[in-house]
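Got some structures for you, see below.
Both of the next two complexes hold chain A, though its partner changes from chain B to chain C.
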Partner chain A sequence: MNKTMLGYVPKESPIYAVHPFVKLYFLLIVSLFPMFVAAPEWNFLLLVIILGLMVISRVDIRIVRIYIPVAISMGSIILISYTILGGRHPEFQVVFNLFGLPIYWERIRDALVVYFRILPMIATMVFFLSTSRERDIIVAMRTIRLPFVVTYVFAMALRAAGMVLEDFQIVRQAEQARGFDTTGKPLTYKIRKYIMYMIPLFALSLRRSEEFTNALVARGYAFTGEASRVKRADYILTHYTFKPHDFVFTAIITLAFIALLVARYGFNYFGLDDSWFIRWLYSVLV
Partner chain B sequence: MSAIIEIRDYSWQYLNTENPALNGINLDIYEGEFVGIIGPNGAGKTTLALSLDGLIPGQYHGVKQGTVKVMGKEVEAYPRGELQRQVGVVFSDPEAQFTAMTVEDELVFGLENLGLSIPEIRERLEWVTELTALKSLLPKPPYEISGGQKQRVALAAVLAMMPKIMVLDEPTSMLDPVSRKRIFEVLGRLKREQNNTVIVIEHSLENLIPLADRMILLSEGQVALQGPTRTFFQQIALLLEKGIYPPEAMQFFYRLVQRQWYNGDLPLTLDEAAERLEHVLMPRHSTYQGS
Partner chain C sequence: MGVIHIVILALLIGIGFVVGAFGSISFPLGFGVNFFWTGIAVQQVGGIWFGGWGVLAGAIFPFFSNAIAGTPFYVSLGYVPANAVQAFLPAWAFRRFKADPRLKSGRDYLILFLSMLVANAFGALWSPLVVLRGFGLLTTESLPLFVWGWFGGNMIAGIVFNFILLKALSPVVIRTPAFVKRWWA
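Up next, the complex of A and B:
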């Protein structure tokens, strides 16, 4: 099994045959698809396709389960925001009244549209994180010849995020060892006492930054001056080659995106007017 | 022989501190020498290590007096990033010096900074992974391996750059005895196979002594004692007074000297101690057998 940012993927997974750039490109482009699609059934289809890709990539699909409560609470919040907290709109059609508040058909429809746009976006991100390592992002960025300093700052940010989490655990355990533990205490108490974690964490982060800077300098890295102008070889990229199938995947993603834009704005597809789901829901509710 | 490092009347005081961390240091370190630096906490060992790599005064605020010359040139006179290609530093906390996502990236980062070509990087990577037995760890994230492995990665990352001078600041302080031994095995190979100048700041004297050509004792920011390793440890009374505890075999012989049961040199290693003990005990042993 190989560790990824969100779990483990077997070494035999076909996803390893795909160049990291293609994975990042998939994330960036396919995440945009739902923005141009209003009809929920198409976005649902995209969600199913992404889940299918996860299965093909041999991602442990059980990791999706942990997002189900998140998806449910997110859906509830969107629905409440659009309906109960959506304000009064006399021009809209009332489906029913809830404690005197009119619940409009248009607001329910809009909530569903937004919800079904977000779900495939999240799934795309989960797919990417489940099949990629931090290194893949860096490789993808370097493949498109982004300046080294940009990719390196990004890598440092990824690394720093992990270090802060580790340090937080250390601080928490140290506080617990000295009898300070917020487990089982009310939320207000936890928020009030959070400063107890934050101060040492902040101090640790400062120290880490200093050590990190020293490490960079000690390895002969310089952001300015003569040393910064050295022509760098990119050894890591020698492990990755952009194979014919990577070109094919990139082309498919690009063409799919262009086709989507043409269909949406040229032929007015994927809109709400053509949505059989919305029509069916309308017939049920109104 | 000319000194590769010349330190003259060197003092360094960090900002907002009352006393200088280093005070009037005079030292010469020669090419190919393996130097051990010891001293109690707060003696200025790390400050000295940082000074040799130009991190002091480059990265720290403070007041400097005197000169620190590396290969005949004052450390501040080197262009940014240039001195670090000649002097490699391994810090005590390996995790603090990781800058990459995999062990392999970590090892090649410095080589890329040097501007080496891909074949040169590949060659050095093969050499250093073989030397430090890290081949199987190359694809792993450096923060997910064991403490001993982390320190070997940190050491290898610096070794790969092939600096003329290597400074190791307590490289085994966070390691168990087995991992510690492995680090010193690597240093031993380095000493035998390369002609690097190696400066090791270390508390683990059992491992350091067999390798060190010369020892330096720092105390309260000053050089309290220095000399060839064997001569240095004959001053065991001073070492004990300064809070340094030499290996127990050596202390045992020092007790024998105090009781006038032994009057030779203090043994540096366990093997030497066993050999000398045999000489001390043999007549008594045979007497005991005979009585």
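Up next, the complex of A and C:
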């Protein structure tokens, strides 16, 4: 199994045949798709396709469970924000009254449009995080020739996040061993006491920064001056070649995006007027 | 600029990533807006201690902590100016008015509080009004909920953490080579 940023993926997963740049490109471009699509059924289809890609990539689909509360809370907030907090609009069609508050068809429709736009965007991010290792992101950054210092800071930041998580566990266990227990305490108490984790975390990181610096200086790393201009061997890139199928995937993503833009703005597709889901919902609610 | 500042930048992004994600997952209001965002401490205290490096980290790390918490990529990208200003203003105020990060006087406390207030107010206005409205995610009527959610979530967390962190750790930090008195060194 390979550890990715959000879980584990088997080494035999077909996703590892794909160059990391293609995954990053997929995230950057496919995240844009829902912004140009209003009809919820098309965005739902995109969501299904992304979930299908996760299954093909042999991602443990249980990882999606972490995001179910996020999706539910986001959906509830969107719905409340559009309907209950949506204000009074005599020009809209009232579907029903909730404690004297009119709930309008137009607001329910807009809430659904927004919600179905957000879901594939989240899924794209989850797909990327659950199939990418830290190394993949670094390879993708090196492939697009980002400066060494940017890639290095990014790599170190990803590593630091892992270390901070470990430190967090150590600090928590150390405080529990000294009798600190927040079980059954109110939320305000827990929030106040969270500072007891923050101070040691900062202090540990400061100490670590000196250790890191000494290690880097001892190995001759420099980010400014003459030493920084020495051409570096991109060892990691020698393990990843951009194969013909990577070109094909990149071309498919690009062409799909261009086709989407042409269909949206040239032929007025993916709008609400053509949405069968919205027509069906209207016939049910109004 | 030394190697240590590059390291500090990376470590601050790392701490912010974890601490910010905790706030984003535990107290979500929606679209990366939280009732209590712990990441604000890393953002503002980091800027005060490490100048431009802290500001850079403060602008970058929410992008990652939001991503982990399920905020769409381009919405997170839209928050970058808000996060940059939230990290920059307290750092600028401390340098412009020569306040002491160890919070030795009432004036230092006041500068920190006012700079937090203005910085968080900017963030609270930018993100819902420009980003969330720009993406068509909110109605005009629901904007106040998100404006106050962002402002209150950052302000309360800032009051709880920033003062204590500065008071407890500044005496140590200013003696380390990582401390940045001006902006970059």
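The definition used in the following text is that the second predicted complex is superposed on the first by the 286 of 286 C-alpha atoms of A that agree within 3 Å, B and C clash if a C-alpha of one lies under 4 Å from a C-alpha of the other, contacts with A are read in each partner's own complex, and residues count from 1 in each chain.
FYI, a contact is a pair of C-beta atoms (placed from the backbone, for glycine too) under 8 Å apart; a residue touches a chain by one contact, two chains touch by 3 or more.
Because the structure is predicted, anything quoted here is derived from the model rather than measured.
Q: Using the superposition on chain A described above, determine whether A:Glu226 touches chain B (first), chain C (second), both, or neither.
A: first
Q: Determine, under the contact definition given at the top, whether A:Val217 touches first (chain B), second (chain C), both, or neither.
A: Touch partners of A:Val217: chain B and chain C.
Q: By the touch definition at the top of the document, which applies to A:Leu206: first (chain B), second (chain C), both, or neither?
A: Second partner only, chain C.
Q: When the two structures are overlaid on chain A, which partner does A:Ile236 contact: first (chain B), second (chain C), both, or neither?
A: A:Ile236 contacts chain B only, not chain C.
Q: Which partner chains sit in contact with A:Leu28 here, chain B, chain C, both or neither? Use first/second/both/neither.
A: The answer is second: A:Leu28 touches chain C but not chain B.
Q: Looking at chain A, which partner touches more of its residues: chain C or chain B?
A: Between chain B and chain C, the winner on chain A residue contacts is C.
Q: Would you check which partner chain A:Val94 touches, where first means chain B only, second means chain C only, and both and neither mean what they say?
A: A:Val94: touches no partner chain.
Q: Which partner does A:Ile191 contact after superposing on A: first (chain B), second (chain C), both, neither?
A: second
Q: Kindly classify A:Leu158 by the partners it touches after superposition: chain B alone (first), chain C alone (second), both, or neither?
A: A:Leu158 contacts both chain B and chain C.
Q: Contact-wise, after the overlay, does A:Val286 reach chain B, chain C, both or neither (first, second, both, neither)?
A: Touch partners of A:Val286: none, neither chain B nor chain C.
Q: Touching chain B and also chain C: which chain A residues?
A: 156, 158-159, 162-163, 208, 210, 212-213, 216-217, 221-222, 224
Q: Would you pull the chain C residues touching chain A in the complex into a rising list?
A: By the definition above, chain C touches chain A via 1-4, 6-15, 17-19, 25, 28-31, 36, 38, 41, 45, 60-61, 64, 67-75, 135-142, 145, 160-161, 164-165, 168-169, 172-173, 176-178.
Q: List the residues on chain B that touch chain A in their complex, please.
A: Those in contact with chain A are residues 50, 53-55, 58-59, 79-82, 84-85, 88-89, 91, 93, 96-102, 104-105, 108-118, 121-122, 125, 141, 143-144, 157-158, 161.
Q: Which of the residues in chain A end up touching chain C in this complex?
A: The touching residues are 5-6, 27-28, 31-32, 35, 67, 70-71, 73-74, 77-78, 80-82, 85-87, 107, 110, 114, 118, 121-122, 124-126, 129, 149, 152-154, 156-165, 168, 191-192, 194-195, 198-199, 201-203, 205-206, 208-210, 212-213, 216-217, 221-224.
Q: Write out the stretch or stretches of chain A touching chain B in their complex.
A: 3, 133-135, 138, 155-156, 158-159, 162-163, 166, 208, 210-222, 224-228, 230-236, 238
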